[in-house]
Amino acid sequence: MPIILGPNRYGKAETRLVRVTRDGATHHLKDLNVSTSLSGAMEPVHLTGDNSAVLPTDTQKNTVYAFAGKHGVDQIEDFALLLARHFAGSQPAIHHARVEIEEYGWSRVPVTPHSFVRDGGEVRTCVVHHDRDGRTTVVSGLTDLVLLNTTGSEFHGFAVDQYTTLAPAADRVLATAVTARWRHAGDTPSYASSYARVRQSLLEAFAGTHSLSLQQTLYAMGERALRTCEEICEVRLTLPNRHHFLVDLAPFGLDNEGEVYHAADRPYGLIEGAVLREDAPDAAFAWE
Amino acid sequence: MPIILGPNRYGKAETRLVRVTRDGATHHLKDLNVSTSLSGAMEPVHLTGDNSAVLPTDTQKNTVYAFAGKHGVDQIEDFALLLARHFAGSQPAIHHARVEIEEYGWSRVPVTPHSFVRDGGEVRTCVVHHDRDGRTTVVSGLTDLVLLNTTGSEFHGFAVDQYTTLAPAADRVLATAVTARWRHAGDTPSYASSYARVRQSLLEAFAGTHSLSLQQTLYAMGERALRTCEEICEVRLTLPNRHHFLVDLAPFGLDNEGEVYHAADRPYGLIEGAVLREDAPDAAFAWE
Amino acid sequence: MPIILGPNRYGKAETRLVRVTRDGATHHLKDLNVSTSLSGAMEPVHLTGDNSAVLPTDTQKNTVYAFAGKHGVDQIEDFALLLARHFAGSQPAIHHARVEIEEYGWSRVPVTPHSFVRDGGEVRTCVVHHDRDGRTTVVSGLTDLVLLNTTGSEFHGFAVDQYTTLAPAADRVLATAVTARWRHAGDTPSYASSYARVRQSLLEAFAGTHSLSLQQTLYAMGERALRTCEEICEVRLTLPNRHHFLVDLAPFGLDNEGEVYHAADRPYGLIEGAVLREDAPDAAFAWE
Amino acid sequence: MPIILGPNRYGKAETRLVRVTRDGATHHLKDLNVSTSLSGAMEPVHLTGDNSAVLPTDTQKNTVYAFAGKHGVDQIEDFALLLARHFAGSQPAIHHARVEIEEYGWSRVPVTPHSFVRDGGEVRTCVVHHDRDGRTTVVSGLTDLVLLNTTGSEFHGFAVDQYTTLAPAADRVLATAVTARWRHAGDTPSYASSYARVRQSLLEAFAGTHSLSLQQTLYAMGERALRTCEEICEVRLTLPNRHHFLVDLAPFGLDNEGEVYHAADRPYGLIEGAVLREDAPDAAFAWE
């Protein structure tokens, strides 16, 4: 029985681009990590090493830098769309492009108009697909947004079997490092505004939900983002449960009423889920 | 328009299990990182925080340790199957279990029969799914297998556009860190034997292929594994191209005929692809 | 010729402590990583395995948690001093204690008085020593403060030898990830105030110095901190030069006047140096 | 009171060098990470930005590559010495050079004489200093050598205070990731042979010592290396205690007689110490 080539893609990962814009003495800064990948009629290169359909990954990197020079960089989704549309039409054999970008935030140091300090918190992300058939998908997101509630979280009434030893918790610390991605339903007028509103929704829902489980919080975060932001149709969340265990201080004659915690590394709970509109359009390749 | 819950799962990630077996003075060691996740009828917990269907992630961790005690650990696929079958039937609301395991290798220090040194090379992996409807999938794999050919690799004849500056290469270093996963077609009689044969196939195909592109090498690796190992039906490979750039020593009056290389970090090429039998059974949830 | 035991210490590293203070509905949060180590008359345990002088590292961990419960945590230097003084007198054989703490910052999410988002920028640090002979040293610091100037940096007029190919730069990007540690001269009245002033000095000196080399910037940072903060007597800085290379866009018919940069990983310049008052007291074991 | 410049050095860190030697069809491979740093009369650059004494870090990188081309690479200590002697005499203002090298091991894939698989275990290291005054020091080492004994380790009879809750252990798992550095007393005839013998000594002493504490094991490792290898005079060891906690399986009706362990991440014990000959020559700057 024959062996065949299945789904495949190739590209240049993690092109580190810093784009400076000089508005007189006032400079602006964009700091990106760009990964591109292309797919299409790639049987020849895989089966015989015929590279005639292969636009080199080095060329993809060059294109990222050239486009940054020519077009500048504002919102990462717009820059990714520009690249994806270019690549998907660039060669006869290349039918599809995927562009993934991470953006690292910087703040101004108010001493000069050209000095910056890197924000260390969450990283803004996007994944854009464009196919030669005209379909385009945009997923925006963030990762490493670390949140913690010192109270307002319970966990009890769970299923119990012969391996269950966990005690119910009436008041616990709830902490997570949010990875969220959200799918745009169509043409979003401003990715900047959309990002700000989704991020704020996630933050407020985490903080504002009295939580009976991290699953409930996950759903509340997704639902809040969808209710607040009409332009998106689906939110996917990955929430590691960063356990904070109350330390038993009784051996030392001390109470510990929710004051002293051990922040544990591994293992950790991991809650993953999607929240979407019932009429969300088909996702196509958006999540690939 | 209503908002609904989409695909979801929850579990305990990265339970670090070391299992010692004592055969008189001779001890045996298994070193695993086990992640379990469960799914099913989980609307209540997401929508209202009703935990009655939720078997705690802490219980999942306990089960991993208890099963290691009760049943021992031999091949990671077998241990994952044991766990997945247990979890998928453990609670009325839980329909499906996914178990992912990483195994770290150790070798004996020949001084005593109880001393070991950790192998630092590749990590063996598996992902097993079991559904209450009876379907089971097993994907085995490895990651961080770092390979390098100092010759026998070319790259030329590629597509060229206005952003192409890459020179063709008639003889280059080819290096990658292999992540490979392979899907078993049915019941594999020995996962130990299968792993050894697949790994050997990958290694030999990488080393033995005169490469015109990393894509060609990828396909050759997948094809070799499939031809050698009847029990598997699909191989998926992720091959970062760890670029080794020949350093220009001419400014110092020196030739550099394939001797001195700069091993670059980022950006890197990234080649991803699947190779499969034309009659491979449906993958179902195997790759999730 | 005999073999002897040289300098040694032992302890518990990276005890992850989160301390919550509940002021009615308003909660406060401290997130620390505490490492303690002890030394003294430790020949017996090394030479014969006689543990009678060894206070277990597990006990050290317990003490960190118990002290957090009993005394609370405000400034990390004060908490480290409390621990170091306790340990150095805790056992006849233990003469000396070293306590190192990292502090991760959190900001409030203004939705509730018990919700927090982790700051991702620099980590605050300290290393405190206390010896049974009464000597105490306090070094405060920070790490991973990432700074970048888009202009105001030159590098030329350097020494040239037969291996030099670098072109002089009249205007370059200067970026670094600051690790700074500063030694207190005596009793500092407020470590909170001191930290804020030193950090601000470092930031302002980096931003405000027209730089002819990263060494000049390093010295300016140390000098500024010393001039601003009387309570410290020495600053040690480690400044990796995070190279940002201007991308050559000429092959694509584009100028690149300080707009498009490749942010490189490795290799990187590394500038290390101390700046101190001429009359700084002896450092003793402060930097160990 | 004046502010002055204290100890300082600058250089290029982590130059990633891969050196191939072609002996007909049989190729040989060296994979290094080289960091150089220089010091000397560096007041002008720090105080005024006068770079005339500064040999650029870019030049240092070039020199590493050029020397690899010109001289080849055999033992890392020899290559570091070559570089250090070159740099320390290269400029009037440069008095001292420090060269640090990490070496990553590779093994042959027996399919071709030009295919290799990277060993993942320990990394070989060295730090070499050379001063214009003629003094040279060589420290060799290794890091990330992960060792584990499943028995033959006890820990009891330790000091107890009010914060001690640890139970004595009559039979425990002992595991560590060895970082060892050893100082050569003079001219070592073969660094290859020396490395092999020291590594073997460390391994055998860890495995062969019935351990009453990790401190005892540390001393035994250092002592064994010194007794076996005349050319070295001091060994410094950093041994994190990778705790393996026996899991309590009693709630599940199971015994756990040294079979099922949780491998913990943090916190961890950390044992550091030096073992040396009583007549070891002065270390000078060897450990800096």
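When the chains are written out, they are named A, B, C and D in that same order, and each has its own residue count from 1.
Here is the rule we use: a residue touches a chain if its C-beta (ideal position, glycine included) is under 8 Å from a C-beta of that chain, and two chains touch if they have at least 3 such contacts.
The chain lineup, named per UniProt: A, B, C, D = Uricase.
Being a predicted model, the structure only gives us computed values, none of them experimental.
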{"item": "Chain whose average C-alpha position is farthest from subunit A's own", "value": "D"}
{"item": "Centroid distance [mean C-alpha coordinates] between subunit D and subunit B, Å", "value": "30"}
{"item": "Approximate Å spacing (C-alpha centroids) for the pair subunit A, subunit D", "value": "38"}
{"item": "Contacts with 2+ other chains: residues of subunit C", "value": "15-16, 62, 66, 163, 165, 251-252, 265-266"}
{"item": "Arrangement of touching chains [line / ring / star / complete / other]", "value": "complete"}
{"item": "Contacting residues of subunit C [partner subunit D, same complex]", "value": "1-16, 35, 37, 42, 45-59, 61-63, 66, 90-91, 93, 155-161, 163-166, 211-216, 218-219, 222-223, 226-227, 234, 236, 240-241, 266-279"}
{"item": "Of all residues in subunit D, those that touch subunit B in their complex", "value": "15-22, 27, 29, 31, 62, 65-66, 68-70, 106, 109, 111-112, 114-122, 144-152, 173, 203-204, 206-208, 244, 247, 249, 251-252, 254-265"}
{"item": "Interface residues, subunit C side, partner subunit B - complex", "value": "162-163, 165, 251-252, 265-266"}
